[in-house]
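Accompanying notes for the structure given below.
Here the chain labels run A, B and C in written order, and each chain numbers its own residues starting at 1.
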Amino acid sequence: MLKQYSFEKTAVQTFDDSVSLALKTDNLQVFYGANHAMHDANLEFPKNQITALIGASGSGKSTYLRSLNRMNDGIATVTGKIWYHGVDINEPDVNIYEIRRHIGMVFQRPNPFAKSIRENIVYALKANGIKGKDELASRVEKSLKGAALWDEVKDNLEKSALSLSGGQQQRLCIARSIAMEPDVLLLDEPCSALDPISTVKVEETLLELQKKYSIIIVTHNMQQASRVSSQCAFFHLGHVMEYTPTATMFSNPQIPVTQDYIAGSFG
Amino acid sequence: MNAKRKDFVATVMINLIVAAVVGILVFLLTYILVAGLPHVSWTFLTGTTDAFSGAGGIGVQLFNSFYLLVLTMLISIPISLGAGIYLAEYAKDNWRTSLIRSAIEVLSSLPSVVVGLFGFLLFVVKFKIGFSVISGAIALTFFNLPLLTRNIEESLSAVSSSQREAGLSLGLSKWKTEIGIILPVALPGIVTGVVLSAGRVFGEAAALIYTAGQSAPVTNFADWNPMNADSPLNPLRPAETLAVHIWKINTEGLATNAAALSAAASAVLIIAVLLFNLSARLLGNYLYRRVTASK
Amino acid sequence: MEQTNFQLKKQDAQSNEWSARLHHATRATREDWMGRGISYLCIGVIILVVASMLWFITSKGLATFTQNHVNVWQFLTGTNWSPDTGHIGAAPMIVGSFAVTFAAAIVATPFAVGTAIFMTEISPNKGRKLLQPVIELLVGIPSVVYGFIGLAVVVPFMRHLVGGSGFGIISATFVLFVMVLPTITSMTVDSLRAVPRHYKEASLALGATRWQTVSRVILRSATPGILTAIIFGMARAFGEALAVQMVIGNAAVMPKNLISAASTLTSQLTSGIGDTIDGTLPNNALWSLALILLLMSLFFNALVRVIAKRGQLKHER
């Protein structure tokens, strides 16, 4: 039987003016019909850092993440504000396609298109009006290098993406996202379908990428969170319980529910 | 003991039934090919029909069948593609959608003779276009739309939703995602369905008797301008198809060798339909291998 | 309120620029409008076709009763069909249609169910490799070819066997039997496959023979699906026009037996509609036959839905 914890007692950090933020949510709530899946999430994400969202399955972390670039549109009702460059992007009149160009996303299971490796990357670029052979070629190279995949595939760019291994496919998906040159990268348990070696590669890639991008990563793997993230938010049953620097979270959790989770009592 | 005996008897019965079913098909195909093929010759395939008796070759009818098929597909594929995308992507799960689905189901279960009569009423009686290629093609479209729409919707829906998410997360519009990402993956299933429906359309007669008509005026195969009255491409001329021709010589024909003629025409029709079925399978498999990059 | 400096920054110029960028319509927005437009238009075309088909055939079919003031009851039960003299009793065709439909379904069902059991329970391998193509080919053969073979083989055969012309309900039944066989078989196969595996395993584990398992467990739990399959087969038989018209003899008289020339709604329509003049009683009477066809098709459709709903309830319980 799961222990009952008070949702009143939370420890959520905020940042002062000196820290520039990539994203911030005010009272974000998510409903699937009558099911209240996310309660009042108030989180601030600093620029050029990796923030990890952790918690047991069903804690609402993926639901929260998918709301940030409006992938929940048509699936769930999301209320509250999502601030991005001073604009509330949760408003209905915002151009969601433009948001998703700036806030990219990588999913749990690698989902490359059934096209060649090159086409996987250039397809969305072309659809957004980026033309010119040289421009496209340099974007392909840059993004594949960014995702640490270039050396493995540079001689086989016309090969089908589906012929790559799972880890390579996931890095291709990362490359595909960063080729759009987004600001923010959202990753939804990107390593859960990968073997340990591929996982290490993806993690190294992320650490490299944070120099250019602000990254928010959902993970159920606490070691992963401690390896890659600077900030860490703990979700429990649709509530944000604790949000602290990662080091603090794992060495000195502030409230009982986090302490129990970190100690492995549930989840 | 009794139960075992019953089991044995039942198994024997079922085997006999299966043998009978296979036997029926073998008989049908053998009969048509044996009775028909000896009468199939190049002159038969390209020759013209005697308008009074119905005797003679089937050249014009064969051309009409293919021409109607192409026109029907040209009209029905885009419409059912749009409708299939609507159902797979835009339709919400509500009463309006279930009403639309019911309407499509009703259309697909209407007897083809009713569809043909509606075409007759609309094009021949009301619009006074007369028995014509275009009336026939639209009637066949009515008959073809529901099946093709359902096939396309099923093929699109069968594509993993993670592909949709991938497209949308890159800032692609729903439409672009559906056309550029989902459609290529769904193509093997769609192509198989389209070619199978082509076989059905090719053999359909009841919807055509009163729309495309029962006469095959000799056309001038040197004139490919659709505007000219004699041109085979003229969409306003009456166009008896091969299937209608078979019906016609059997019910109203005066040819002395009607049986041989219709056996030969049936053999040609059957072979065409078999080719459609076979190519549907081969083409589907080929595209599937290409899309999934498996060798 | 805790909306501090970050919120205030919203006012500055940079933020205005971002606001413009994120609100302004892009290529993707326009594509989406276009895509929505195209797909709504296409589905609209289909709805329009269905609606106008229902409307036109209904209004034409009712003209017999509203303009020519024929009594509906007399139309349905009258046995004298000679529209030229003003007698329009449609009973011969109605009886003919129902007779061939039921007869074909009754003959086809054991064959279809037997084949389906073979394909799912006895030899799934042969079922897939041999019978699946057989079924697909039977579906693929055009109805005029069935009609032709009926005319060339079944009719002479019946003539030798029982005398008379050979045309009639029994010949039509034979032809329709083969035509509905693949429809009923493939749908029965689907419903047998949908029976949960553990039903079968439990029964076999209790020592039941294969036939006991099939007849008491599998067929019973697949009954709604098999009924649906039979109704689909009947709908196909009821609506089939040319193959029937070629072998039934087309005499618009009450069938006295199974081997005398008769007619069905579809056969009468096919032979008659070209010879009548639009707006006259003989023409309107034919449209009334078409209306019966339409209503029966809707009825079969509704019946399938009812069975599907019942079946669902049973499973949920």
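General remarks:
In this section, contacts are C-beta pairs under 8 Å (C-beta built on N, C-alpha and C of every residue); 3 or more make two chains touch, one makes a residue touch a chain.
Keep in mind the model is a prediction, meaning the values are calculated, not measured.
Chain centres computed from CA atoms place A at the largest separation from chain B.
Pairwise, the chains sharing the most contacting C-beta pairs are B-C. Here the CA centre of chain A is 50 Å from the CA centre of chain C.
We define each chain's centre as the mean of its Cα atoms; on that basis chain A and chain B are separated by 49 Å. Separating the centre of chain B from that of chain C, both taken as means of CA atoms, is a distance of 16 Å. For chain B, the set of residues that touch two or more other chains comprises 171-173, 176. Residue numbers of chain A whose C-beta contacts span two or more other chains: 97-99, 127-128. Chain C has residues 27-29, 32 in contact with two or more other chains.
Within the complex formed with chain B, the chain A residues making contact are 69, 71, 97-101, 104-105, 107, 109, 111-115, 123-124, 127-128, 159-160, 162-163, 173, 176-177, 180. Contact residues on chain C toward chain B in their complex (touch as defined above): 27-29, 31-32, 34-36, 38-43, 45-47, 49-54, 56-57, 60, 110-111, 114-115, 117-118, 122, 130-131, 134, 136-138, 140-145, 147-149, 151-153, 178, 181, 185, 208-212, 214-215, 235, 238-242, 245-246, 266, 269-271, 273-274, 278, 287, 290, 293-294, 297-298, 300-301. Residue ranges of chain A in contact with chain C, taken from their complex: 14, 17, 21, 24, 26, 42, 44, 83-87, 89, 93-95, 97-99, 102, 127-129. The part of chain B that touches chain A in the complex is made up of residues 160, 162-163, 165-173, 176, 180-181, 184-185, 291-293. Here chain C touches chain A in the complex through residues 2-7, 9-12, 14-15, 18-19, 21-29, 32, going by the rule given at the top.
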